[in-house]
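Below, chain A partners chain B and then partners chain C, in two separate complexes.
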Partner chain A sequence: MYWLTWRQHRTQILMTLGYLVVIGAVLLVHGISADGLTGDALNERFVPVYEVVSWLPVLPVLFGTFWGAPVLAREFERGTHKLMWTQSATRWQWLAVKLGGLGLMVTVAGLAFGFMVTAWLNAFGDSHLAAAFGNSGLFAISGIAPAAWWLFGFMLGAAAGAMTRRTLPAIAVAIAVFALVFVGAFRSRENYGTPEAFDPASVSPAELQATLSDSLIVGKVPTGSVMQIIPGSHYWQFQWTEAGLLFAAALVLGGVAVFGALRRRV
Partner chain B sequence: MTDTPILEATGLGKRYRRSWALRDCSLSVPSGRVVALVGPNGAGKTTLLHLAVGLLTPNQGTVSVLGEAAGSGDALARIAFMAQDKPLYESFTVEEMLTFGRRMNPKWDNDFAVRRIASLDIPLKHRAGKLSGGQQAQVALTVALAKRPDLLVLDEPMANLDPLARHDVMRGLMEAVAETGMTVLLSSHVVSELENTCDWLIVLNGGRVQVSGDLDELLAGHRVLSGPAEAADALAARVSVIEDSRSERQATLFTRTGPVPLGPQWTDRPVNLEELVLAYLRKPEAAALPRPALAVS
Partner chain C sequence: MLWLTWRQYRPQALVTGALLAVLGVVLLVNGVSADDYSTGTPCLGLGGECGGAGTVTSGRFDSMYPFVSSLILVPAVVGVFWGAPLLAKEFERGTHKLMWTQSVSRRHWLTVKLGVVGLVVALGGLVFGVIIEAWLRTFPGKSRPLDDFALFSLVGVVPLAWWLFAFVLGAAAGAVVRKTLPAIGITIAVSAAVLVGLVLLRPHYVAPQRVELTGDVPALQSVAASRYILVAPDGREYDPLRGPAECPPGPEQGKCLDAAGYRNFVEFQPLDRFWRFQWTEAGILFAGTLLLGAVAVQGGVRRRV
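And then the complex of A and B:
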């Protein structure tokens, strides 16, 4: 069963591994090159790569379309499930290895990616641009969040594939649902914790910029008065909250995928 | 050998949304037979086969393979199935298809599989999706045979094959049957190609089993009687008539009967498989089934 899953999905697995290596190498070289830089020079060095990296929060949708959607839908489309389900293994074993094994790989890959991005951001730690908490894009690709996002994307695609039983409609459904969840998650993030009052007048201008770029600013900002912010010290609490919600959603979607696959409509 | 039937269905029914694809289907197939499942399109043949291999679960009744519920792990290890579209993993090479079979099945006979592919001149390194239709059917059949099943189920194995490929596939199948003594259950709507290969017949019509029995016994148990129309009613009262066609003077009765004493104006002749199947299909209310077995001990 492991051999089959590997043989069927080795293209995706190797491609993902390849991309991870490339991204890791770029981030590593770029991070090393930041050594010794400060102030505007550091910011200028950060920006070109950041402009590319800032697109990476949409990566989970690729796991939905290239990993998740075909994983079950292609079998139903080609009729190969009739071949697989009449071998000596039960379809539960088949599903467990396919969804469980691939899901585990996606999660580990996401963890590795999050680790690399976090290390890269740390190399630019002196730049206010590299603050991962105030930037919703960087928040989603650093720490443990990408593991949860990637697994969510994969299970979303798998569930859509199991329900539609066709790859292309499954991809369409996965993209649409992902877009909604993506926007919804980015907007609801400030609700993971309670905001604190912060008076901009109480700190120096430099400190103000550093604090605000690493904080979530809640609600409207009346100039010159007290603001409601969630400071960067809540980073890990928010990471775990977001990851927990997405892992739970992935688990539910995994259940949907199993239900859809075992409905026995041959 | 045990007397457990290789395939047994009791009150089997399968419903798709509102309509029944198969209903009240009871049959019992002894081991070692080559069973032909025939019937018109939409009769429920594929549904019955999918139930037998556990791809579908019944809405009513039960179906078992050698006493194990169809679709259970024990039953799955004893059956092999080739679906009508003969699915293979298209991106796999032929060799990888054999690896798939070996890794999925504990009883896999790899020597047999490799030998069979070699004897068919199918290159092991070719991708399954690039093979001709006949070769794909042969690879699919090899994967099914090398599993060494007790019951091999084939859904329309001859469909989409040219005459030469049909012949080759059928011959390969019969060689394997002779070698292993396994039971084969195959469906077809082309009756003529089954006459020399099958020894058990199941006729399915409108979701119901009309005929199930040993082919030789069925053929010996039916006769076509021809004679004068005016005497036909008297004869029809004595024997079971499946089909009754009369012209003004001549009557032709397709009857379910052994040898009967006939008047001098009457002639009788045996029936062939095609006539037998057609006669029953034209009369959906007629049936030739073994009497219900007594309570199973």
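And then the complex of A and C:
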């Protein structure tokens, strides 16, 4: 059972491992090279890699496409489930190993990725550009959020595959739903907590810069008035809220996948 | 033959058409409601400090911009759903054995599939570009985005070239690996690499124009990718922010530089080069398309049925 799952998905597993190694090496070298830099030089060093890294929040859609969508849909499409599910291992066991085992791998990989990005951002801690809270892209790839996003992408693809029973439509459904959730999550994030009033005139310009780059600014405000911000100390609360929502969604989608797979007799 | 091609591509055609319609309506609504152009302020309460040209920016434009700029990922999706299954699905399911042993020759089949479907894809890319351009036109000064790496790929002829390139890339990947899922993976990876490569290559299509700054600074609003350079009397170039060692940064730097005979230059791309850049990028992509088209045809015909 484990061997077959590994054999069927080893391309994806090895690709993901390779990706983690490459991105980890890039971030490590880049982070080390930031040692001792300050001010404009630090920002200048940060930007080139940041421009590439800022696209990585869309990565979970690839877990839906390559990990999730084929996991059930390809079996149905090729009829291989008929052989597989009529052996001594029950369907439940198969689903538990495939969804649970692969889901666990995706989550662990996402955690490792989030850890690497956080460590990289810490190396650029003095730069106001490397603030993981105010920047919605960096928020989604630092801390524990990527683990939740990656698992969500995987379960979304698996559920789509269980319902459509064909790989290509499953991929299409996964991409479409992911795009909607992605936009929705980015827009609703500021509602995870209650903003505080902050008067920009009450602090020195240096403090103002530090506070603003560290916090999440809610909405747009007319020049010179009191702002609504969420201070950077709420970062982990927001991380857990986002992760919780996505893990719950992943659980529901996992249920859909199991139900979709068991619905029909072999 | 045409009927079968239509029958196989019906879902893609309908979904693409519907999504283009949705995009058009969303951007139309956004563009029409952009009358309150100058009400949004992006300065977020920093007092009068942020100033400059960025102060008055459309709130409407800003609210839409992140989503529109992420549309540069669309060509990869076109490659995944239009290109990758074209040959790979036939090989995977063995349907090519029936199809290619009828009265119509293999080359004929491939020409019709690649040609006709490619034409539809190109048309889709063209419509996409026109929609984005019409939206940009409602925001003054943004309709020729030479300085924005994302918007540049979304207007003019570049989207057409990109869609076609991604489609043929998917078809070639499918012809070579003969399985849909790996073909999709290759399509996404190569698209991403080409996208990054083109964005990095873009500033070098044409050498930037260099103008000396003497006394009155020329108006630089209508330029892209400007860069200031300090040229020493012996021809060496410096970044003005750092300056040469003999004149360290500080309040006295300006006087020191003037005394030593340094001259200030600015390098930029004039905005009237927009179409030159567009055609250069489209040309690169068209060349790639032809090459990959040959790979797809070769891969499709190579093996005996």
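Rule of thumb we're sticking to: the second predicted complex is superposed on the first by the 264 of 266 C-alpha atoms of A that agree within 3 Å, B and C clash if a C-alpha of one lies under 4 Å from a C-alpha of the other, contacts with A are read in each partner's own complex, and residues count from 1 in each chain.
Just so we're on the same page, a residue touches a chain if its C-beta (ideal position, glycine included) is under 8 Å from a C-beta of that chain, and two chains touch if they have at least 3 such contacts.
From a predicted model like this one, the values you see are computed outputs, not experimental measurements.
Peer 1: Quick check on the superposition: with chain A as the shared anchor, is it clash or fit for chain B versus chain C?
Peer 2: Partners fit side by side after overlay.
Peer 1: Between chain B and chain C, whom does A:Pro169 touch in the aligned arrangement: first, second, both, or neither?
Peer 2: second
Peer 1: Considering only the touch criterion stated at the top, classify A:Pro70 as touching first (chain B), second (chain C), both, or neither.
Peer 2: second
Peer 1: Angle at chain A between chain B and chain C: what is it in degrees to the nearest 10, using CA centres?
Peer 2: 100
Peer 1: Contacts for A:Ser202 in the overlay, against chain B (first) and chain C (second): which applies, first, second, both or neither?
Peer 2: Neither partner.
Peer 1: Between chain B and chain C, pick out the one touching the greater number of residues of chain A.
Peer 2: C
Peer 1: Classify the contacts of A:Asp40 with the two partner chains as first (chain B alone), second (chain C alone), both, or neither.
Peer 2: Second partner only.
Peer 1: A:Ser88 in the overlay: touching chain B, chain C, both, or neither? Say first, second, both or neither.
Peer 2: Touch status of A:Ser88: first partner only.
Peer 1: Upon superposition of the two complexes, what minimum C-alpha distance (Å) separates chain B from chain C?
Peer 2: Chain B and chain C, overlaid via chain A, are at closest 9 Å apart by C-alpha.
Peer 1: Would you tell me the residues on chain A in contact with chain B in one complex that are also in contact with chain C in the other?
Peer 2: No residue sits in both footprints.
Peer 1: Please output the residues of chain A touching chain B within their complex, sorted ascending.
Peer 2: 1, 3-4, 7-8, 78-80, 82-90, 264, 266
Peer 1: Where on chain C is chain A touching in the complex?
Peer 2: Interface residues on the chain C side: 11, 15, 40-49, 59, 66-67, 70, 73, 77, 80-81, 85, 89, 180-182, 184-185, 188, 196, 241.
Peer 1: Going by the contact rule at the top, pick out the chain A residues touching chain C in the complex.
Peer 2: Those residues of chain A that touch chain C are 11, 15, 40, 52, 58, 62, 65-66, 70, 74, 167-169, 171-172, 175, 183, 186, 200-201, 205, 208, 212, 217, 220-227.
Peer 1: Any idea which chain B residues touch chain A in the complex?
Peer 2: 50, 53-57, 73, 76-77, 79-81, 83, 85, 87-92, 96, 99-101, 103-107, 140, 143, 147
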